[in-house]
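Structure, as structure tokens:
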Amino acid sequence: MNVNIRRLNRGQLFERRMKHKIYRDVDAIVADVPDGARIMFGGFGGAGFPNNLIQALARRGTKGIVAISNNCGTHDGELGLLFKLDRIRHVIASFPGPHATHFQERFAAGSVTLELVPQGILCERMRAAAAGLLGFYSPVGVGTEVAAGKEERLIDGRRGILEMPIHADFAFIKAQKADELGNLTYRLAAQNFNPIMATAAKTTIVEVEEIVPVGSIDPQSVMTPAIFVHRIVQAKGVRYAG
Amino acid sequence: MRDKVRLTREQIAKRAALELPDGAYVNLGWGIPNLIADHLPPGITAYFHSENGILGMGRRAKAGEEDYDLVDAMKVPVTVVPGASFFHQADAHLMTRGGHLDVAVLGGFQVSEKGDLANWKIPGAKGSGGIGGAMDIAAGAKTLIVCMEHTTKEGAPKIVRECTYPLTALSCVDSIVTDLAVIDVHDAGLALREVAPGWTATEIQELTGARFEIPTRLLEMRLS
Amino acid sequence: MNVNIRRLNRGQLFERRMKHKIYRDVDAIVADVPDGARIMFGGFGGAGFPNNLIQALARRGTKGIVAISNNCGTHDGELGLLFKLDRIRHVIASFPGPHATHFQERFAAGSVTLELVPQGILCERMRAAAAGLLGFYSPVGVGTEVAAGKEERLIDGRRGILEMPIHADFAFIKAQKADELGNLTYRLAAQNFNPIMATAAKTTIVEVEEIVPVGSIDPQSVMTPAIFVHRIVQAKGVRYAG
Amino acid sequence: MRDKVRLTREQIAKRAALELPDGAYVNLGWGIPNLIADHLPPGITAYFHSENGILGMGRRAKAGEEDYDLVDAMKVPVTVVPGASFFHQADAHLMTRGGHLDVAVLGGFQVSEKGDLANWKIPGAKGSGGIGGAMDIAAGAKTLIVCMEHTTKEGAPKIVRECTYPLTALSCVDSIVTDLAVIDVHDAGLALREVAPGWTATEIQELTGARFEIPTRLLEMRLS
């Protein structure tokens, strides 16, 4: 790397700042997540799920959650645990999934409500929140159930519906590495929703496989810049194999 | 009279694979379309896109080779080809919605004569249903091919005048490849292009819920 | 990299496809850019400008150009050359710049028209085009000259103005490396507008410092995936030092 | 009577630097704000954002150290600190507009009593003018501080009831640091917080185009 790195002689201060972000355990990092919180959960296809944070949240007992997630878990795994324990009251998802048994039971019984959103629009509505936009017109879902109740408009000869930003109080995400300032990297297809959600919530909580010293991630390889990351915990990988 | 052949799912996939131009960027949906990757004709390269953030997806991982951070949109461990790239889901759908994919091939429950597609929800089916990436892909692909059986298990036509199933997108389908025919969707309506071995255009029309134009020279579906 | 790489035995075909993208010289790569073309030009602050492509376009003589660019050149450098030769009739820019002398003269004389756009909104309108969106509401510029003629609307108590996508026929961009399929990397702050423009135009033309074999860029380090890149030329770096 | 001191540009920058919370993500605009990076008080770390795609921008590059792919928004070759990151301009402005920057410090031509800012165009000036990133930054920063001279060269107030210059953003300014005072913008209007050494609140009010509230305990501007 032919980058000029400024030598900082403020080791202590850096450390003080770092300490604000790094937590020793997964229970402490979710300890203030209140009932009724709107929470984004990363992960797709078994990859990149913040399973340790989800399990810590289950232990904490937070209820009345509004969850934003591509799917609704796999049996007891991933978000499945929080549905099983009746902690989620409403979910915004693109593909709840046939194996999201705890969700499906509660959805059928009417104890959980669902807003079904096309997957790319789910991403884009979160990104709009992250980017300070107030809404956008999209051709996706025009003429389908998804358009119900949404304003439709003809723009340059194309039909579009107005989509609104999705904001959240917390994002629970999973990354591969964090440096002590909160710069993140992800592995292969385990990025999925994580980098978007990291930018879209008021407080982003990340579980990582490894915490590395500041300066050890090439600035050109950072996938989520530290500005978006508020709390970090190192947690042993847990993958639901269901 | 020749035997009437109905194509197998693999044969539908093989026939659809012939529609891919060399070097195309392609997204394959669930079901029959997902079989296409294994049935590319010799001499054709396609770069497969997965909506969870992969361009240049390769074959499924072999036993022992699985990396669960490298899965396709169906959770199946896969591989990548040289020249692949990874990105997040918003960028993956910038590709789908923004007209960057040369071809998308999706499964279908119904296709209307105007090219409307219904492929995400069966009326009355149990559960919440799920959209996934289908609506973004259908709205944005440069060319959309639907692969499906020509009729339901009960024999009802799946190519119809108006879809009665919940819609995925309006006027999005370019071509339909079924076990009985290849049919194109034009502005003026449907046009039969090929029939499965042993079938006449009239016989296909009887199993189709919308009228199609019959070409002067009707081809037989190539199976390889 | 713990990625399974599929062994392709289709070397010839790969090469045929590559040949469609790789051009031998900068004049050939712009030979079909017609009069009146809408062209996005990357670059910011002297970094990441496609100066070789700009000079080739000047030699070709394309006129009546609608240019989309953060600024309007530095004297004869960067876009300055095309203004000097009267090849640009309209420009969409965020900061034309005091050193854009050829532009400023023509703007004062009325022979070039300007749409002035806030810099982030310039990015976002190009991204909307790239992402297949039809428009978006933004709080930027509310109550200012920028809002003139735009629809304003109150959304969740905030004032927003409707911004439309910016499409283009061509993007002229500069990258550090391209592999033979068109995967790109950029260096340090020389990314700027280039990755966005690459996604937003019908035909993306890139000049690179180096063309490398397929497979030599780590899939996790690709900054612009090959799907967005249509033509590649290797060109010796030209930096305008004005 | 004490000598009346007007702060130098460096002193304004130094005073503004005291407003930065430790660990803040900060964007500095052209002019006086750009001097702040060199005047951080001891014990304070700030991470500087540049709208061309840098977070963690460091000091200017020394002679011989310049890398022209690593420049700030003013084209000046810079360095980065450990823990920096690079990204494209759309992501850089996702940060500005989306409320991710803790503090932005911009220059100003005029600030109104409602916190409206005019800082991009002087009426009647030659040339096209240019907005750059100012409107995105002003619309989105969590805290916006304006650094400027208290009056124009001709002695006209730059803090006014209504801006007469073309606006950058409405109701965006939180605090104003000038060569004569620190003034906060509250919902109820302006509030004087500090005055330069030797000045009284009344004297500052005479040079200010809008009324401000005077605190019971008026502080003197700290210069270091």
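Letters A, B, C and D mark the chains in the order given here, with residues in each chain numbered from 1 onward.
One rule holds for everything that comes next: a residue touches a chain if its C-beta (ideal position, glycine included) is under 8 Å from a C-beta of that chain, and two chains touch if they have at least 3 such contacts.
Nothing here was measured: the structure is a model prediction, and the numbers come from that model.
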Which of B-C and A-B has more C-beta pairs touching across its chains: A-B
Between chain B and chain D, centroid-to-centroid distance (C-alpha), Å: 56
Distance from chain D to chain C - Cα centre to Cα centre, in angstrom: 31
Per-residue overlap in chain B, given as positions that touch at least 2 other chains: 67, 70, 86-87, 93-94, 96-97, 139-140
Junction residues of chain A - those touching two or more other chains: 3, 124, 127, 131-133, 138-140, 187-188, 219-220
Touch relationships between chains, expressed as pairs: A-B, A-C, A-D, B-C, C-D
Residue numbers on chain C that touch chain A, as the complex places them: 3, 124, 128, 131-140, 155-156, 158, 160, 164, 187-188, 219-221
Chain C - residues contacting chain D, complex: 44-48, 70-72, 93-98, 103-104, 107-108, 114, 116-121, 123-124, 126-127, 138-146, 187-196, 223, 239
In the complex with chain D, residue positions of chain A that touch it: 2-6, 8, 10, 13-14, 16-17, 20, 127, 129-133, 179-181, 183, 199, 214-215, 219-220, 222, 225-228
Contact set on chain B toward chain C in their complex: 22-23, 25, 43-45, 47, 49, 55-56, 58-59, 61, 65, 67, 70, 79-87, 91, 93-101, 139-140
Chain A-touching residues of chain B, taken from the complex the two chains share: 50-54, 67-75, 86-90, 92-94, 96-97, 116, 121, 126-136, 139-140, 166-170
